[in-house]
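Each structure below is given as structure tokens.
Here chain A shows up in two complexes: once beside chain B, once beside chain C.
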Partner chain A sequence: MQKQLAELMTTLNKNQRLSKLAISEKGFLFDPETGQSFTLNYSGMQTLNHLKRGESLEDTAKHLADEFKIPHDTALNSIEAFLIQLGRYI
Partner chain B sequence: METNGHWEPPYIQPHRFGAINKFGKRSVKDNVVTEVFGVSINDLVAQYGSPLFVLGEESLRANVRKIKSCFEQRYNLCAHGWSYKTNYISAVCRIMDQEGSLAEVVSNFEYEKARALGVPGARIIFNGPNKSQAILERAIAEGAFIQADHMEELRKIEAIAGKLAKKVKIGIRLNFDTGFTEPWSRFGFNLESGQAHEAVKYISRSQNIILAGLHSHIGTFVLEPRAYAQQVRIMCELMKELEGMENIEIQNLDIGGGFPSKNALQSIYLPPEQAVPKISEYADAICESLLEGCKYRKEMGKDLPRLIYESGRAMIDESEVLISSVVGTKRLPDGRRAAILDAGTNLMFTAFWYNHPVKLTREYFGIEEETVLYGPLCMNIDVVRNSIQLPALNAGDKLLIANVGAYNNTQWLQFIEYRPNVVLISESGESHVIRWAEDLSVMMAQDNVPPHLEAKGKQRKFGNSSLTVLRPAASL
Partner chain C sequence: MSKNGKAWRNWNVAVTGMNASPESPGPGYAVARCLREDPEFNGRIIGIGYDVLDAGLYARNICDGGYLIPYPSAGKDALFERLKELHEAEDINVIIPCLDAEIQNFIALKDELEKLGIKMLIPSKEQFTMRAKDQLSKFCESVGVLAPESKTITNPSFFDDCESQGFEYPLMVKGIFYDAVLARNAFEAKAIMAKLVNSWGYPVLVQKLLCGDEFDLSAIGDGRRGMLGPVMMRKRALTEKGKAWAGVTVEEPGIAEVARKLIHGLSWSGPFEVEVMRTHDEKIYLIEINPRFPAWIYLSHAVNRNLPILLLKVLAGDEELDLAPAKTGTFFIRHAQELIVDLPAFESMLIDGGIASDVIGKHRTVSAV
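Up next, the complex of A and B:
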């Protein structure tokens, strides 16, 4: 799974794919490369915004764990699963 | 985007275009309730646990009085028979007895229960296709009004009445085609084929039984009041024919039940507020048809028959709710949200055919999505709602599932899980347990382990020891 995640992050960062995604403050996501749109839940929106700013998975998990008062491992596992889901769409 | 601090794993949902729902998404987010029948939901769960059935006495009595009033305003001589099978929790049956309803029972057990609850035999209507010799003897001796289902039963009743040297007034159940509902032809005597007339002839020749009632039941959750008008028309025509031919006077015209509640059948798109007619529309159709069909009696200066209706669901469905807690959440592979509840089809048998209303018990923020609500059973079919728009639920959240008063406290399953407490909120707002939650001793009370199967070193104490003593010697 770690190898899959590493490949995914490489793909998402390639050609600034991740940073080009447009995310509204209500969780609406538009992918200008494919023209597809999505809805993010709150934690999904936070996660993508952190990653767009270039933060690591670990740091993003720390932000979520602090905000929701959940264990760091829980946040990290969820973010990794989210990225795999994201990879199927983007 | 707002959040109320509740954690939901990050999720992305692609927008799909072209899937049009002409009714739109029905949101439950604005439908937050914190009290039920005037009592805090959180307090009830803290005191009695989850899941929890809660019955509102005030609501039930008000509904019963409203429905009875609808009929009594239109026809002088009415009686309501409380259909025990709808909900035979003792406190419910006592409320219905206090409200003046007869007890409508359909089995040995229900008859015995009605008597144990203090209902005199003369206030019991005894229906159903399986009445044993012993219970018929008791019912006849105690003056219950029996409505016979088949010829064998008629013969039994006649023999018992003869033995007791009594003239026993009975009714017969009929079945016929109204043209509106699927005929329930397995019950009673068929009119079109002549079985009903055959039964009447049999009774007429008897020295011990007297035909005093006609009974039929045209179906369940009948959404068309005209079906009842037609039912009553057919029954009145038969009544007139019989009273002209034989020395018969029909005193009871029993139209059964089948009036719908404000639940949403899964097969019907319209919400119940639009699909379900008002009870007054049924009363109009029935009483107008009855008055028309009984004109001949008035002309002859005879009394009108008593109208008996055996409504169960319409009386109680909306007066009971089920509080259930979320025990887990997940994403299904197709992207839908799912929540696992501590109550499923084991407690809500009616979830198989209704989309029960589900209400939230706290405020939520965030996106509402299509969600599946599963029950706790290890069965794929244990689905409380197959598709409902809900915000992200968390473990521990409580949901209120409405309109569960009919057929759930009787058809619930003792399967995998214990059945929970049932609580009554009295008219003064006090809560009373009216059926205790099950525990291991209840679940094992009827079990018996033969000596050669006993676990080594275990004391042989199984369930209720007094019940064990009653077992036949061979099994001990």
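Up next, the complex of A and C:
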């Protein structure tokens, strides 16, 4: 799982792809490099917005743990699962 | 003003490829639409087609006149005679050929048409041949671009033991000019080959199947190894023939780089479309290079990179090309629409081979604005 996650983060950071992702306030995600579009739930949208700002997975998990009042480990696991799911399509 | 003393804005432009069947429309109607909707263009647009049912010929909101020309198989001399007649009637400044099968005849007539005052931005015979489907693998190798392994065949018995030659099913069987069909076994492949040969003649191409996402890029080669105004899109939905039914503009640097290498290697002159497949391991394979604008070219106007207008500017030697930055996330969805044709217009096309622009003008509703 960690290998998959590392590969995805490499893909997302290549050519600033992550920062180029367009995410609307309603959770519409458009990848201008591949033309793919997705719908995100609120927590997915928050996760990608934090990562787009250059925050680490750890910091992003801290923000989500605070906002949703859940344990840090739960937030981190959820983020990792979300990113792996995203990696199957992006 | 342009070099030849007449602004491109007022040129009379003839556009071929006015067939507009929903399944696989010719690019001519979309090219004409790009010209018509440019706010600076005030010239006349003359639609040119091969069949009385080529819908674009009757599109009065787009074309000022519509004419039939002989099929490409009639040869360049027959085409030249007919174009002289059209030039006499419409004072044509530019022709934009939009169909693969006719380009060679237009290439052969370039100098003669130039003498009549008709300009074209088209490739040379050598450039055209280098990107032909049966030459593509060799050319790609020379410029460092990946292409799916393919083979030119004339004998259908190839399909009986193609697996021993490394071509496993499913594979693509392609006509020499148009059409690419997926074959799952030898029986299907032979039937597809017979159909393709019937339409486009020998040989056919067999290509290994690639899995991934399809992208297209259209631009103009300046003839000096440069690529102008690239617009790229990802196909979002396909027709049964594999043509784009919906797409969205994207900006994929790897695809632009592939197109740049190809156009540089060819020193391409004129409009073109590059079709590529990006596989799941992010490799980009060239599927084909089409020597003309694609049918989805109206999307270029939608993202402020109107390529048919750019072509006129290049022909006019206009220094200010005014290219907007590439805009991503603009979709197109193709739809079919009935065009109403009255009997006199159809009769004129069938009996006289065309409708002159002054005749169409009488029927057109003119806005007071």
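In the analysis below, the second predicted complex is superposed on the first by the 90 of 90 C-alpha atoms of A that agree within 3 Å, B and C clash if a C-alpha of one lies under 4 Å from a C-alpha of the other, contacts with A are read in each partner's own complex, and residues count from 1 in each chain.
What we mean here is this: a residue touches a chain if its C-beta (ideal position, glycine included) is under 8 Å from a C-beta of that chain, and two chains touch if they have at least 3 such contacts.
Only a predicted model underlies this, so the values are computations on that prediction, with no experimental measurement involved.
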Superposition on chain A - do chain B and chain C clash or fit: fit
A:Glu7 touches, of chain B and chain C: first, second, both or neither? neither
Chain B versus chain C as contact partner of A:Thr39, first or second or both or neither: first
Partner chain(s) touched by A:Asp73 [first = chain B, second = chain C, both, neither]: neither
Partner chain(s) touched by A:Asp59 [first = chain B, second = chain C, both, neither]: neither
Contacts of A:Asn15 with chain B and chain C, given as first, second, both or neither: second
Per-residue touch tally on chain A - higher for chain B or for chain C: B
Which of chain B and chain C A:Leu29 touches, first, second, both or neither: first
Smallest distance from any CA atom of chain C to any CA atom of chain B, in Å, after fitting: 8
Chain A positions touched by chain B in one structure and by chain C in the second: 36-37
Touch list for chain B against partner chain A, complex: 1-3, 5-15, 365-367, 392
In the complex with chain B, residue positions of chain A that touch it: 25-27, 29, 36-48, 64, 68-70, 74, 78-79, 81-82, 85-86, 89
Touching residues (chain side chain C, partner chain A) in the complex: 213, 215, 233-234, 236, 247-253, 278, 328-329
Of chain A, residues touching chain C in the complex: 15, 22, 30, 32-37
